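One chain, chain A, links the two complexes that follow: it is found with chain B in the first and with chain C in the second.
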Partner chain A sequence: MQNKGFLRVREIAAMILLLVGVKLSDSTPALLTQKAQNGFWLIPVISFICIFPSFLLMLYLLKKYKDKNLVHLLEAILGKGAGKAVSFIIFLFAFLSMTLDSRNYIEQIKLLYFPESPTNIIFLIFMVVVFLGAKKGFEVIGYSSWIGLPLIKASAFTIIFLVLGDLVLQRIFPIFGSGLPIILKEGVVKASMFAELFYILIAYLATRETAKFNKGSIIAALIAFFEILIFYFIYITVFDYNSVAKIAFPFHDITQFISFGEFFTNIETLFMVFWLFAAFLKFIIFLYITTWIFGVIFEIKDFEPLLLPFGFLVGTIGLLPFNSVINELHFRETLLTIMSPFFIVLPVLLWVIALLKGGLRKK
Partner chain B sequence: MRKMKGSQKQNKNKETIHYSLSANIEEMKQSFSYGLNKDFAMRTLKAKYNEKKACLFYYSSIVNGDTITTHIIKPLLEQTGEKLSNIVTIENVEEVTDFETAIQNINSGKVILFIEQDSTAYSMDAADFQHRTVTKSENERFIKGPQDAFTESLNTNISLIRKQLHNHQLVNESIQVGKRSKNEVNIIYVKDLVNNDILSNIKKRLDDIDVDSIRNIELLEQYLEERPYSLIPTILYTEKPDKATAFLEDGYVILLMNTSSACLIMPVTFWSFFHSPEDRYLRFLYGNFSRAIRLLCFYLTSMISATFVAIANFHSEMIPPDLLLAITASRERIPFPLIFEILIMEIAFELIREAGIRIPNPLGPTIGIVGALILGQAAVEANIISPIIVIIAALSGLSSFAIADLSMNFAVRILRFIFILAAASYGMLALTGAFLIIFMYAASIKSFGVPFFSPMSPEFVSTKDTIFRKILKKEIYRPGYLDLKDNRKRSE
Partner chain C sequence: MKKTFLLLCFLFIMAGCQDRIELEQQSYVIAIGIDSTDDKGTYEFTYQMANPEVGSAAGQGGSEEPATETVTVQGSDILSATFTANSFVSKKLTLDHTKVIVVSEETARSDDFIRVIQSASRTPQVRRQVQMIVSKEKASDFINNNKPLLETRPHKYYQTMLTRAIETGIVPEATLHRFFQITEGDADLFLGIYATTEKSDQKSASEGAEDKYIAGEIPQIGGSPTQFMGSAVFKEGKMIDIITGEETRLAHALDPTLRMEGYLATVPDPMMPDYRVSYEYSQAEMPKIDIHYHKDKPTTINVEIEFQIEVIAIPSLVEYTQNVAYRKKLEKEVVTRLEQNTKALIEKSQKEYRSDPFYWSLYVRKYFKDIPSYEKADWHKKIYPNAEINVTYTLDKLEFGKMINDSKLDEVRD
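Presenting the complex of A and B:
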């Protein structure tokens, strides 16, 4: 690992913001609206409330067991074999969500900007860029994320600013959509929309002082949560729930909807550029940390050569689903549903075991 | 075989100086092909102070004749005294005991004196290499700020630096590079600031150079850099003494050679290429305004053609309808695809530029007329190029002149073609991807251990002088990424 300890709070925060925050632009809203209708924008709140304590618990455990990353922590608490097994499950989750998400993003690019191009070519270009970016190492990814973040966020805020005039606040009512129980249930089931927070814990030792990582990740998690909330709120107030359920990519519909004055009426390409930066960076980080998890599980010190085969696998497996609807509404929903209880319960379980084993007392 | 020859030669030259004058004279005559070598001069005389025969050797082309006459020959013939050093009135006299040093000294413009029954020779500095006078900077122009530029003389250049930095800690160390032609490289730094690791790294790289000769700093740059194939430069080259001094004050290291009218500055970051000293000479707002313009120029010169290709070919819905119609109308009679048009114009501009540099002075104005007329108006009228492409190419060409540093300028101009091709292949998707890869590549570059985009990311304590600068009074720290001995410019 090319880690010289140059990463600070800001780089960690930037990476997590990109990894988690870009979610606001994919087709998750359509997924959520199917059941929750116009209460869907509240689902992230429930999800966040469910999963954030677990995340904090993980950070607490990592802090107690010094100098360990995610996999090493699991091994220390559960024992070598079981730890590796659980880590491998996490790796599978990360790998699958990366694969399904990447298909999702490719579909967005294809449908909106290159409708006549074959999906494989776009996938190829996308994965080549992601691979070459990931190849530069974690630190460089961190620097690039931080330098790119202000531009990406500025474009997001421009969108919010331009769309303000089109909000119809009444559309959020009835506030709980199809009913509070459904929202609560969906919130818990889809809690894994924040699952990326756990994957990045593999980089726990990337900063020189782990306190910086803690600070960066907590700040970034909160900001990402609020961003997602704000954008979901905008979707529901601009489109109403019936449309959101049918619009696959509300973010891009917003960018097509807004205009900059009378003259520039189609400015979506401008936002597409920054969205692409964010998407590229998200998958660069995703690919790198997934490979990293794999490398640590199988004790491969120099795991960076694995980036190429993994990038290739993501591309090929990502192409397997017949179309984006199956990909989205079937596979991705199933995956999210399986992952949610896992990530909510696992940290608590770890904590209890650590408590019983006495691992928390000695430090 | 070659190596053996070299070592043999070296052994021969390591010979110590003989006791007898005639043997020494013979040796020297042989070494320098006396008689054949027209400007190699020998002068025998009888020294008055010890009544012994003596002989002077030097290259008449690289020493000052007057100095030799008045300060060496005249005293030797007329003065009486105990020691040689009390007789000659030249600045410094060094004792030499072997032929290799003697030969080296003569090559660097010194006079060697042999005396009968003395196995030491005396080397006296009378060097007078021809060089230009200090002139106004031609390639890096300022409106506000000192105008002088380095010239091809080490002493003059150091004097230009010392004139600005009155500090006894400013050290000028010299290292010899080259096996056959031993040229001197001078390392200049402020001793109580510089980071010793960086300094020893530079010295080590200089020592490791194994080549017959390095004539000047421009060649040295390529021997020193880590990644010769890289698109991005990692050493800064400047001909402005004030720029060099500003870097010295911040703890950077500077290399000078006698043969170049410029210096090398290292380590560098992206910002060293982006900044111009004039940004600091101008008042806060004016300086930052010019920074903003330069940043825009960076974008325009590297991306505007590519952006146009991407938008016109793949995302034409983005162009407002009226403008789109205007563009389409102007392209109606053009037979070529857009990408071809852009490439013609960009290459044509590069042609004018390259030709413009090489063209002899009296013909200078012609190129402007020919270039503007043929490539602008005539090409449009002949329906080969559409007017909008002329505008785009002119814009990107013009903006490239705002990037003053030559290396960065080339890097950006090459990048422009990469971006155009990327944009032509897959619109904004490929363009964004290409930009991101190149950006991340730049971020991964380290110049002597310093990350390219520091102090922006990774963050370091510094003046925070990146895209925009602060007011001078608020600049407290020196660049933290250099890890200097004294990190503060001022106490609060």
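Presenting the complex of A and C:
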């Protein structure tokens, strides 16, 4: 492991921002609008309210137990066997999310920019790049995220700026979309759209002082949440409630829609570069932490050689779904639905067990 | 080992060339025409392709090629017909730079129109900014007859022609984006651009105004035969009527989501009705739309429009600038005419179309908590046709240009 504990607040924040925030540009909005219609931009609010306390609780436990990462914490609280079992479930969730998400990104690249190339080849190249990036180690990934972040965010803000003229604010009404009960239910069920926050806890010891990690992750989680909210708000005010449900990739529809005045039209490729950069970084981080979780569970100290087989597995499994609609609306929805209660309840359970066992009193 | 690795690297890099296509190998389609045929589900697609050599420095001056090539093929949707067209077009047809989709009136009025236009939104090639034109004649005739004299490059022609026409408000902004939003929103009417290259019964300008036309009616000598004027009214994805340029301007004035720069218009001179006073109309602010939704009784819609005018010409030479009483009369004349015309348009939309071309349904939405109750209230059938609508125009500023007084006729001819 090339981890020397040099990461600071900003690198941690940048990584979490990329891991969670890039979600605003994939098919998650399409998934959410299917049921909630134009109320879908409120779903992240509910989801965040549901899952953020659990995340804070996790951070609290990690702080109490000192010098432990996610898996070691679970082992310390639940005992070795049960801790490993639960960790393995988390690993499976992370791995499946990464696989299904990556297929989604591949579909976007293929449909919009490389219509002739076969999906397998794009997937292969994508995973090779991700693997080579991940192999550089966690600190390099952290630095690259921090360096890339301003560019990625600048391009996102340019998009917001250019699309401002086309917003029609009245489109957010009727405010609760297809109904308040549905929004509330979907908000809870899809709470795991922020599940990546938990995976990154494996890197809890990556910073020299854990307070830095706490600070970085909390700041980044809040910023990512607002970013997602802003973009979802834009989607609903640019497209209307019936149209947004039909669009698979609203982010790209917006980049195709905007132009620099009369003369510079068709400018989507400009944004595609930064979006692709963000997507690469996201999956580099994702692949690295997933492998890391696996490595810690099975006590493999030097887990980095595992990156290649895992990258390969992501590619092969990701190719299995028949098409992107099934992938997104069926598999990914099911996965999110299963993950949500798990991540909401797990930290609370851990806390209760720790309390009963007296693990919190020790220090 | 190193060599193998290098080779592998190249293998990956080369894979990026799979989608490589040179500019030379593509034909950029600027306008797409859609006509229905006798067979249901089969359409005639006309593609107007730009010749990039014309009008550019790369053309080396002496090129004799025309600016465009227009082909018509039959097919079932916009994209698959491009492949059929390749049996006689030498390059790959690319729709990335399409500026307009021309639909014949006949096709637009058919029930199946929504099916064929829907395919345009599925492909990432056709942009949402593409404007929709409804032509009186067949779309293929429209594209073939359209021979711009100065702007021979088609993309520039459509760009400048439509931008200017939309700025003056005689045709609406009719992007595919707006079409799908309004059609899928299942409320309101969509206005498409109405145009033709055929002359019909021409009205003379003496009948009143400079904008009471629809395309084809404008007396014209010289220039390109294509006229853009008025709009095609679409309800639920199907064309139902045509409105004039004047009515289109009013729709612009009443709809906050449409942009209009301002236009020149005339009113009969209140002091000497034989002459007309010309003025420039502009709206500095969005119209204020205030809807009060009532469940059991008719909804009230109050619209306030603040506008400014600048008087451009007073051929009657009446002293409007200094005489307060005259000026008041002129102000009143302008406001009443606008209000009358607006009232007529609203009445027509309530009784005949039973929906509004102003996108006002946006403003009633806030009275509903969720979409099922909003859809149940039914804008098309219940809310709008029965609503009580008051439109008030307020004249905010009246300017008289750079002259204070016109010449005094009695002094000139003494």
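One rule holds for everything that comes next: the second predicted complex is superposed on the first by the 363 of 363 C-alpha atoms of A that agree within 3 Å, B and C clash if a C-alpha of one lies under 4 Å from a C-alpha of the other, contacts with A are read in each partner's own complex, and residues count from 1 in each chain.
The criterion applied here is as follows: a contact is a pair of C-beta atoms (placed from the backbone, for glycine too) under 8 Å apart; a residue touches a chain by one contact, two chains touch by 3 or more.
Since the structure is predicted, the reported quantities are computational estimates derived from the model, not experimental observations.
S.K.: For A:Asp302, select first, second, both or neither according to whether it touches chain B, chain C, the two together, or no partner.
M.R.: Neither partner.
S.K.: A:Tyr241 in the overlay: touching chain B, chain C, both, or neither? Say first, second, both or neither.
M.R.: In the superposition, A:Tyr241 contacts chain C only.
S.K.: Quick one: classify A:Gln37 as touching chain B (first), chain C (second), both or neither.
M.R.: Only chain C is touched by A:Gln37; chain B is not.
S.K.: What is the contact status of A:Arg10 with respect to chain B (first) and chain C (second): first, second, both, or neither?
M.R.: Only chain B; A:Arg10 stays clear of chain C.
S.K.: Between chain B and chain C, whom does A:Ile125 touch in the aligned arrangement: first, second, both, or neither?
M.R.: The answer is both, since A:Ile125 touches chain B and chain C.
S.K.: May I ask you to decide whether A:Phe280 touches chain B, chain C, both, or neither, giving the answer as first, second, both or neither?
M.R.: A:Phe280: touches chain B, not chain C.
S.K.: Between chain B (first) and chain C (second), which, if any, makes contact with A:Pro174: first, second, both or neither?
M.R.: So A:Pro174 only meets chain C here.
S.K.: Classify the contacts of A:Thr269 with the two partner chains as first (chain B alone), second (chain C alone), both, or neither.
M.R.: Once the two structures are laid over each other on A, A:Thr269 reaches chain B alone.
S.K.: Can A:Phe114 be said to touch chain B (first), chain C (second), both, or neither?
M.R.: both
S.K.: On chain A, what residues does chain B touch that chain C touches as well?
M.R.: Of chain A, residues 113-114, 117, 125, 128, 265-266 contact chain B in one complex and chain C in the other.
S.K.: Where on chain B is chain A touching in the complex?
M.R.: Per the touch definition, chain B meets chain A at residues 311, 314-315, 317-320, 426-430, 432-434, 436-437, 439-441, 443-444, 451, 453, 456-459.
S.K.: For chain A, which residues count as touching chain C in their complex?
M.R.: Touching chain C from chain A are residues 37-39, 111-118, 121, 124-125, 128, 168, 170-171, 173-180, 239-243, 246, 252-253, 256-257, 259, 262, 265-266.
S.K.: If you look only at chain C, which of its residues touch chain A in the complex?
M.R.: 12, 15-16, 18-19, 96-97, 121, 124, 127-129, 159, 163, 177, 180-181, 184-186, 257, 362-363, 365-366, 368-374
S.K.: Please name which positions on chain A make contact with chain B in the complex.
M.R.: That would be residues 6-8, 10-11, 109, 113-114, 117, 122, 125-126, 128-129, 132-133, 136-137, 139-144, 146-148, 263-270, 272-273, 276-277, 280-281, 284 of chain A.
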